[in-house]
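The following blocks contain the structures, represented as structure tokens.
The same chain A turns up in both complexes below, where it pairs with chain B and then with chain C.
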Partner chain A sequence: MFRDALLVAGKDLRVEARSRVALNQVAPFALLVLIMFAFALDPDSGVLSKATPGLYWVAVLFCAVLAIQRAFAIEAADGNRDALRLSGLEPAGIYLGKMAAIAAQLVILEVLLGLGVVLLYGTKTAGWALLVCTCLAATAGIAAAGTLYGVLAAGLRVRETLLPLLLLPVLSPVLIGSTRAFEAARNGTPGEGWPWVGLLAVFALTYTIFGAFGFGPLLEES
Partner chain B sequence: MEPVVHLRSAVSLLGRFPALAGVDLDVDPGEIVLLQGPNGAGKTTLLRTLAGLLPVVSGTATVLGHDLRTDARAVRRRVGLLGHATMLYDELTVADNVRFWSRAAKARPADAEAALTELGLDGRLRDVAVARLSAGQRRRASIAVMVARRPELWLLDEPHAGLDAATRDVVDDLVRRAAASGATVVVASHELERATALAGRSVTIVGGVIPGPDEADPDGETAPPDPSPEVARVP
Partner chain C sequence: MTTQRSDATTTTAPPPAGGAATPDASGPIGTGSRGTRILGLATLAGIALAAYLALVSSPDDENMGDVVRIIYIHVPIVVVAYVGCMITTLGSVMYLWKKSRWWDVTAAASAEIAMVTTALTLVVGMCWARPTWGVWWVWDARLTSTAMLLLLLLGYLAVRRIPAESGARSKRASIVGVLLLPNVIIVNRSVTWWRSLHQDTTILNTLQPKIHGDMAFALYLAIPVALMMFAWLLVHRWRLAWLEEEVLDHDLDQAITDRRAEAGFDARSTTVDIGEATS
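Let's look at the complex of A and B:
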């Protein structure tokens, strides 16, 4: 299973490296979202600074939806979903591989967005360890749930619009937990943030287990 | 000797509709069988069913010793399907595609290289992104993927489509060599002269069924004797 996961993750990342969709389209979109928030919320009023953690994770979720759609769009083209079914790869391996590739892209986007909020919003943080753990746990959760809902939506004709409708409500615990943890890291009170990291880890683990078992039947139905 | 393909009254669904309406077919190991019939007769559906991609809902369906109704996944890893879609990633190079799918099938790395060479893709084309290939070159890459997986049952849907004469000869040679080495081949083709020369036996499918010897129309252009009205015509 892990061999298959490595194979699929390597393939997805290679496709992404060649097409540069994340670099040329998703990353600029993410930065644009941050700029639009800055226009909407006057930086001088203090609202922007206060809302930075939530805005950051909302931007991450928007980018995640795009990355997940892209991850399944490459399988929808030219019969590749049938090829995956015929490949002999373990469905759990395909799931973990696609999840890992999405997570890797999200980490890069989160770093870019982090630089964006530092430069555009003037955000400072004291709890780097908490922030890094929050990002890792939230990323795993987003990728785990996103991969599961991605394959669910992949077989539907209205997948582009349906995926956000299905996925974003499911990710609301991630948004809440990661925002609270980010706030704790920014405010220099990491003790308040760690329980939220625990919630994020439980979410990620739960969806990873569900995904590993549920991906195969969903791939068959899609 | 147990047949590689054994279908009795097999009914397969395409969506909610029966696309195969009770097919009987036996194919022995090492045999090359030509599947012929008019457009919409069910050739592609039959090949996809044999590959384990479409559900068999009634009748008996055994492929490579596995029951398609209960163990389709075990069948899939042992068959190679060359369909209308090329099943390639546009962004990856020809070599990347062949290597990825052959590794997925747990084939040896040397098999991927050999397949590239056999299909004439070992030169400049091996490092070209699939998106930049012509239709014929994509088809060759798709065939190379199938060859690299070393399947035991080859399911070929119009394998000569889009290929030049020389590559058609290469494909025919690959099929003959695969059969000689013990693989079994079911090929659907409208190029009857070439396919008939390749195959040891032909069967005709019309309206989702394979008529008996007395019912079969050699041209395959007439309607089945008593087609079920709900039988879907599939490309």
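Let's look at the complex of A and C:
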């Protein structure tokens, strides 16, 4: 199963490395969202730096929706999904592989967005251990739920509109948890942030287990 | 709602000679039956009694006055919404396990009623919040997680509405349905935890009326009446959904028979083939 996962993750990341869609379109979109927030919230009033944890994670979620759609769009052409179904790879392995590839892309996006908020919003960083663990746990959760709902929407005519409707309410605990953890790190009270990292980890684990079982039947129908 | 046997068959095209595509005799033909009529009349009587107790005989609240009477509709419909969600998840689990259309249709019918009652809960709750708290909405854990529940149900129903071959649609919908209850619990827990940091959850407790005597009786009567209404709606919606599926199957069989007839096959013999293949 893990060998299959590595194969699929390698394939997806190679496709990304060669097409550079995430780098050339999703990353600029992330930057755009940060600038849009500055237009919406007066940058001189200090709201941006105060609201950074929330804005950061909302931006991550928007980018995640695009990245997940992209991860399944690459298999839409030339009967690639049929090939994947017929390949004999374990569905759980395919799920873990796609999840890992999405997570890897999200981590890079999160680093870019982190640089963006530090440079553009003048946000001070503190509590590095908490920040990194929050990012990893939240990314795992987003990728786990996103891959499951992504395959469900893949191949449907309404996939672009259906995925955010299904995914964003499900990811609301991730948004709450990661934002609170970031706030705790910024306020210099990391003790308050660690329970939220625990919540994020439980979310990620729950969805990984659900996803590993549910992915196969959904892939058959996509 | 009280479609008779003869009405139901005339809505579909007359069956072909072989009769393979007539609605399955094991399923219902109309949506009404003696049982549902008795249940419906009992529910109507219950609603009338509950309305009298809620609006006339029960006293008003010391602090809230007549506004407190909203509780007699607010609490029963939210109970219905929760029961509906549980049945949807149960139906989805059972569908994935047994692969029976019965459970799939149960999950679908229940989710629709849960969606409507959740939306009503929010609307009625907001009408209560305005005179009591002075605002339409507060970011309380219970309100927020009910709003999220509505969105999760809308997502489930959106998946159900996607046109697809019936088996594929049921499988997709049932996986979303299985996740419905866990999602509701996770969202509810995280929202509660989130709001408890802000010390806001007590706002509901301070304004919650003390229920006893006539008020408690009216409320405890209204809840089973609402559940009876839920059962009545569920049975009718279930039968309607079942008939829809039967019509789809029938139309498909009919179309295959027609195409085969066009191609010069003997319609009578091929109909029997299809009947054997699909049964």
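Here, the second predicted complex is superposed on the first by the 222 of 222 C-alpha atoms of A that agree within 3 Å, B and C clash if a C-alpha of one lies under 4 Å from a C-alpha of the other, contacts with A are read in each partner's own complex, and residues count from 1 in each chain.
Quick note on the criterion: a contact is a pair of C-beta atoms (placed from the backbone, for glycine too) under 8 Å apart; a residue touches a chain by one contact, two chains touch by 3 or more.
As the structure is a computational prediction, the values presented were derived from the model and not from experiment.
K.L.:
Using the touch definition from the top, say if A:A83 reaches chain B (first), chain C (second), both or neither.
P.N.:
first
K.L.:
Examine A:S172 and indicate which partner it touches, taking first as chain B and second as chain C; both and neither are also allowed.
P.N.:
Only chain C; A:S172 stays clear of chain B.
K.L.:
Could you tell me which stretches of chain A are touched by chain B in one complex and by chain C in the other?
P.N.:
none
K.L.:
Name, in rising order, each residue of chain A that touches chain B in their complex.
P.N.:
4, 7, 11, 14-15, 18-19, 74, 77-80, 82-83, 85-89
K.L.:
Residues of chain A touching chain C in their complex?
P.N.:
Counting only chain A, the residues touching chain C are 152, 156, 158, 162, 165-166, 169-170, 172-173, 176-177, 180, 199, 203, 206, 210, 214, 217-218, 220-221.
K.L.:
Applying the document's contact rule, which stretches of chain B touch chain A when the two form their complex?
P.N.:
Going through chain B, the ones touching chain A are 51-53, 76-77, 79-81, 83-92, 96, 100-101, 103-106, 129.
K.L.:
Okay, in this complex, where on chain C does chain A touch?
P.N.:
For chain C paired with chain A, touching residues are 96, 148, 151-152, 154-155, 158-159, 162, 164, 168, 171-172, 175-176, 178-179, 182-183, 186-187, 189-191, 193-194, 197.
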